Structures are given as C-alpha cells and as structure tokens.
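Next come the structures, one after another.
Each of the two complexes below includes subunit A, the first together with subunit B, the second together with subunit C.
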Partner chain A sequence: MSAASPMGRALDLITRVRGVRGAMVVSRADGLIVAEQLMEGIKGGAVAALASSLAGRLQRAMVSAGLGPSQFWHLQCDHGALLVVPAGAAATLLLVAVTEADVNVGLVRLELLRAAETAG
Partner chain B sequence: MSDDVKALSAQLASDPQSLVFLRLGELLRQKRQFDAASRVAKHGLERHPHLADAHDLLARIFADAHDYEHAFDEWDMTLRIAPQHTGALKGLAFLYFKIGDLAQAESHLQAAKDAAPDDPSIEQAFAVIRGEAGSTLAAPPPPPQSVVAVGSETVAPLPDERVFAGLEGAQEGLLLLDAAGLVLGGALKTPEGADVTEAVAAYLAGVSQESARAARLLDLGSWRGLSAEGQGGHVYLVQPTPESLLLLMRDRSLPLGRLGLLAQRAAQVARQWLERQR
Partner chain C sequence: MTVRAVETWTLEPLTTYVTEAGARLVLLMTPAGQVLAQSGFSRAVDVMAASALGAAIVASTNELARLMHQPPFAGLSHQGQRNGIFLSAFETDRGRLTVLVVYELDASSLGLVQLFLEQLVADLRAASPKAGAPKQVLAADFERELNDSLNSLFGR
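On to the complex of A and B.
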C-alpha cells in the first residue's frame, strides 16, 4: 500500500503513535485485510477476521440496546490492546490498531478517528 | 481512643464549625478507623459542602476502605471545586491505574505534576505506572474483596434475579451471561424503556471466545475488558469467570474509565454469586 494513497496516509497516522505495533484497514463484511502496516510476526489475517466478527457482534448488540452504532471499541489485554473504529462510506471498513500495554490509548483513539476520515 | 483523637474530638465538639474535622478525620483514617473517619468527614461536609479538602479526605477514606466507586465520586467532586487539587488528581490517577487505564492515570498524574512540580510522590507514581518500579507494582492488582461489599447483601445468598442487588442500574443496565449467551442475571432496557435483555444477550454469545482468541493471536495475554462507545451510550464487557460474561451499559454522561470501575465491581459481585450457585 502506497503511503500516498488515502489508506496509506490513514495507516501512517496511526502507526506513528508510540506504542502502536501495527494497523490495518479491514473489510467489515468479510473480515479481509484491505491495507496494512504491521510489525513482523503479527497474524494480520486472523486478527482481521476476528476484529470484523467482534465488531459485528458489538454493533448488533449496541443497536439492539438503543445505543446506536459503535464508534470505537477497545479490547484491553494484559500486554496490549486492540482498538477499532469504523471507517469508509457507510462504515464498510474497520480501522484496527494493535498496541503495546503502555500506549496512550486516548491518542491512538484520536488518530484512529482522524484516520477514519482520511480513509473515507 | 488515643489522646490525639480525644483532643481533636474535644476541640471539634467545642467548635463544630471549625476545620479541625479535617485533622481528626485524617488521623482516624491513618489509624484505619474508617467508619469513624467517614462519619467525621461527612459531618464536616454537611457544614462545609464546598470545601475541596473535605471531599478529598472522604475520597481517601473510601479508597482506603476499597470503596473505589465512592472514592471516584468524591475526587471528581473535589476537582469540580478545585480543578488543580493535587490530592484528587493523584487519587484519580490511582483509581485509573487500578483498572488498567494507564493513559488516564498518566494524564491525571501529569496534571498533578503541573500543579505541584516539587511533589516527589508524583514521580514515584509515574515510575509505577511506567513499570519502572518493578513488574509486581506495574501490574494493576485485582480489585480486593471489600470493593464489592454492599451492606449485608454480600453475606446471604441472593435469589437469582437479585444477582446484582445493591448495584446501580441492576435492572436496566447490567447483564450476566453464560458462555452460550443465556441470561444468568440482570436486565437491559433501551433509553425508551423497552426490554432488550434477550436480544442483546444473543448477539453477545461468542464475544468472550473471540476476544480471547484475538488476544492470544496477538500475544497480548488475557483480555481484561472490552469497551465500546456508541452514539447513545457506552458498554463495557468483562469476564467474571472464564465461563461467563458481564455487560454494563450506561449513557454517554458516564466516562468510560468510570464505567470500567463499575464493571469491575459488578464482576466481583457476579463472581461471588456464581460461586454460591455451585
């Protein structure tokens, strides 16, 4: 993915944050990677599929609960986190960031939301 | 009763409007006489409701007694009255650290440092947050048992429908599921009041397994919580036990960090309830 393309620029915004191990643009419908900038060793394909599935479950649960579509979600783990925002026209994409534990989550969230506008 | 406590009590009795209640409450807190300290602080607050130090005192008493939810409320109130209050900023940093929200913890510590650059305890706290003080300190400890004490209701087994008895929003914004998505306790309602318990539960079946798989694939260890922001509110998911899932839902007025604290508290209640059902 060229850094000059909208998606490349979107991923650049996210991965330049200290503590981010990688970022992906994922198709929401099928969980396939559209673009990625991941550190070596990260199983992008499998994580993209899981992120897409989780996003779908959360989306349906939140809409059912009357909260509207999910705008950001954050999976907190012992040694890092997975952060996701919807992107693209009609939110057909997901922007996914994989981070270390000591990352500034607020900053990554901000960059994800900015990147979502860029990618759209 | 120590002489200091007696002397301060006498002083307060002779002048109930005086601020000596701050010293008396602090002394009782240090002696770990939390009930007495809390009474003193609350009586003081009745007379001085806008005194930031009094809210900070009560927050520290709550925190020492492991009542983190009320400690959060009091420190939050302290900052509304005195936005640069170092004690409250450090206190909130501690609470955010305990739930693993290191960004918020660091942000509050930074604000404390800006307000009191010469306070050495802030640098020590930074070191802990950044893991410089050793891994045992760097890992947020699990909430202690006393966090979830809700009066006498923690003693006697609760009937099924009262798994979250005593917790705020138990019948409209808390849900406990098993691994298959079956409802074990709690209930969910939309902002309009419609019961959506079963529908939401069905959609959440499998979230635990997928979260665990994602964490494993990324070598991130175990997952501790899953938060999601919606246009009309937030949800926070935690696993009280490996076979259960708890969802906490609130409107957007409640910050996600606070939602995490509430979820940890509810998870502890749920864990105890599940153990009693075995």
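On to the complex of A and C.
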C-alpha cells in the first residue's frame, strides 16, 4: 500500500505513534486485509479474520443491549493490546491497531478516529 | 454439527475445522468427486449434487489456469447476499483433495474460512495415509461401495 494513497496515509497516522506495532484496514464483511503496515511476526491475516468476526459479534451484543453500534474497542492483553475503530461508509471497514502493553491508548484512539475519517 | 466420514483419518481435522471456521456445510472429496467426509448435509442427494458440481468447478478452473499457463488456482470464493462458498484444492499423501465450504455471512467470513483452512490442510497432511497402488474398480463392487460410502456419510 502506497503511503500516498488515502489508506496508506491513514495507516501512517496510526503507526507513527510510539508503541504501535502495526495497523491494518480490514474489510468488515469478509475479514480480509485491505491495507496493512505491520511489523514482522504479526500474523495479519489471522488478526484481520478474527477481529472482523469479533466485530460482528460485538455489534450484535451492543445493538441487543440497546447501546447502538460500537465506536471503539480496546482489548488489553498481557503483552499488548488490540484497538479497533469502525471506518468507511456504513462502517464497512475496520481500522485495527496492534500495540505494545504500555502504549498511550488515548493517543492511538485519537489517531484511529482521525484515520477513520481519512479512510471514509 | 456432526462430521461423517468414509475415511476416518479425516474425521478429527474436519471436526476441528467446522467448529473453528463456523462453517455450515463442508465436503471433503477427491478431484473426481468421490466424497471422503461431509458435515451439515442431511440428504444423500445433496451430497452427490454438491460433490459433482464442486468437482466440475475445480476441473473448469484448472483448465482456465492451464490456458493461462498458470498453476492450478489454490482457492475459489463465491459470495452471495447471505452465504458464501469457498473451494480449495491441495495435495496430501492420499492424493489431491478438494474441500468445499459453505458459510453464512452472519456466522463466519471468508477470512475465517481461509484462516482455518491452512490448519485443516496441515492436519489432513499429517493424518493422511500414504497413497497405495490404485485399486481396480469392478462394476460388481461399485454399487455396494457406493452404498457403503453413503451409509457412512449419513450414519446409517
């Protein structure tokens, strides 16, 4: 993905944040990678497929609970975190950031939301 | 979802795959359309139709690849409004096999189906018996073997 393309620029915004190990634009419906900037060792295809599956289930849970569609989610793990923001027209895309444990979550969230506007 | 198999070495890998990928229907077959295992089908006639059509699609795409001077396609995806179909062919010690997967877009995705397919192929390769000398098919045995296979596939 060229950094000059809108999606390349969107990923640049996210990966510039210290502690971000990679970012991806994922097709929400089919769980495939649209664009990626990942460090070595991250299984992008697996993260994309599982994140989109999780997004679908979370969406149903949120709507069932009467909370409306999700806008941001943060999965904290022992060695890092997964941060996701829906993007694109009708939220057909997901912006996914894979980060280290001590990342500035607020800053990554801000950049994900900015990038979502760019990608949309 | 119960997996039924004519060749029992396929049972465990396929059961894992069906659970992990959230597949609605799965057929594991040879390129000729001989079914080794199935999951999700309730009628023999559906299995026979799906295996024949799946084998024909793989044969057609292989021929297209040959015309383009390319190796055979590794996978073929067809997505509808509510369901998707994924077909893939791969080599094992048992010979070349084809898997046909039908998934609901609400419950699974092409990404998940492809992701867990890699594991299925590795598991099948590890479990597959070495190919022996091809068995001669006699007309007298054919109907009995076909009935035995269908009985295994539907747990009769």
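The criterion applied here is as follows: the second predicted complex is superposed on the first by the 120 of 120 C-alpha atoms of A that agree within 3 Å, B and C clash if a C-alpha of one lies under 4 Å from a C-alpha of the other, contacts with A are read in each partner's own complex, and residues count from 1 in each chain.
In the analysis below, a residue touches a chain if its C-beta (ideal position, glycine included) is under 8 Å from a C-beta of that chain, and two chains touch if they have at least 3 such contacts.
All figures in this text were calculated on a predicted structure; none of them were measured in a lab.
Participant: Will subunit C clash with subunit B on subunit A after the two structures are superposed, or do they fit?
Facilitator: Superposition check on subunit A shows subunit B and subunit C fit without a clash.
Participant: Would you mind checking which one, subunit B or subunit C, touches more residues on subunit A?
Facilitator: With both complexes superposed on chain A, more residues of subunit A are touched by B.
Participant: According to the stated criteria, A:D30 is in contact with first (subunit B), second (subunit C), both, or neither; which is it?
Facilitator: Touch status of A:D30: second partner only.
Participant: Return first, second, both or neither, reflecting whether A:S52 touches subunit B, subunit C, both chains, or no partner chain.
Facilitator: second
Participant: Going by the contact rule set out at the top, does A:G88 touch subunit B (first), subunit C (second), both, or neither?
Facilitator: In the superposition, A:G88 contacts neither subunit B nor subunit C.
Participant: Looking at A:A61, would you say it contacts subunit B, subunit C, both, or neither? Reply first, second, both or neither.
Facilitator: The first partner, subunit B, only.
Participant: Just to confirm the geometry: in the superposition, how small does the C-alpha gap between subunit B and subunit C get, in angstrom?
Facilitator: 10 Å.
Participant: Touching subunit B in one complex and subunit C in the other: list those residues of subunit A.
Facilitator: Correct list for subunit A: 46, 50, 53.
Participant: Can you list the subunit B residues touching subunit A in their complex?
Facilitator: Against subunit A, subunit B makes touches at 100-104, 106-107, 130-131, 139, 188, 190-192, 194, 196, 199-200, 203-204, 206-207, 210-211, 213-215, 217-235, 247, 249, 256.
Participant: Of all residues in subunit A, which touch subunit C in the complex?
Facilitator: 26-27, 29-32, 45-46, 48-50, 52-53, 56
Participant: Contact residues on subunit C for subunit A in the complex?
Facilitator: 22, 79, 84, 105-106, 108-112, 114-115
Participant: What residues of subunit A sit close enough to touch subunit B in their complex?
Facilitator: 42-43, 46-47, 50-51, 53-54, 57-58, 60-62, 64-82, 98, 101-107
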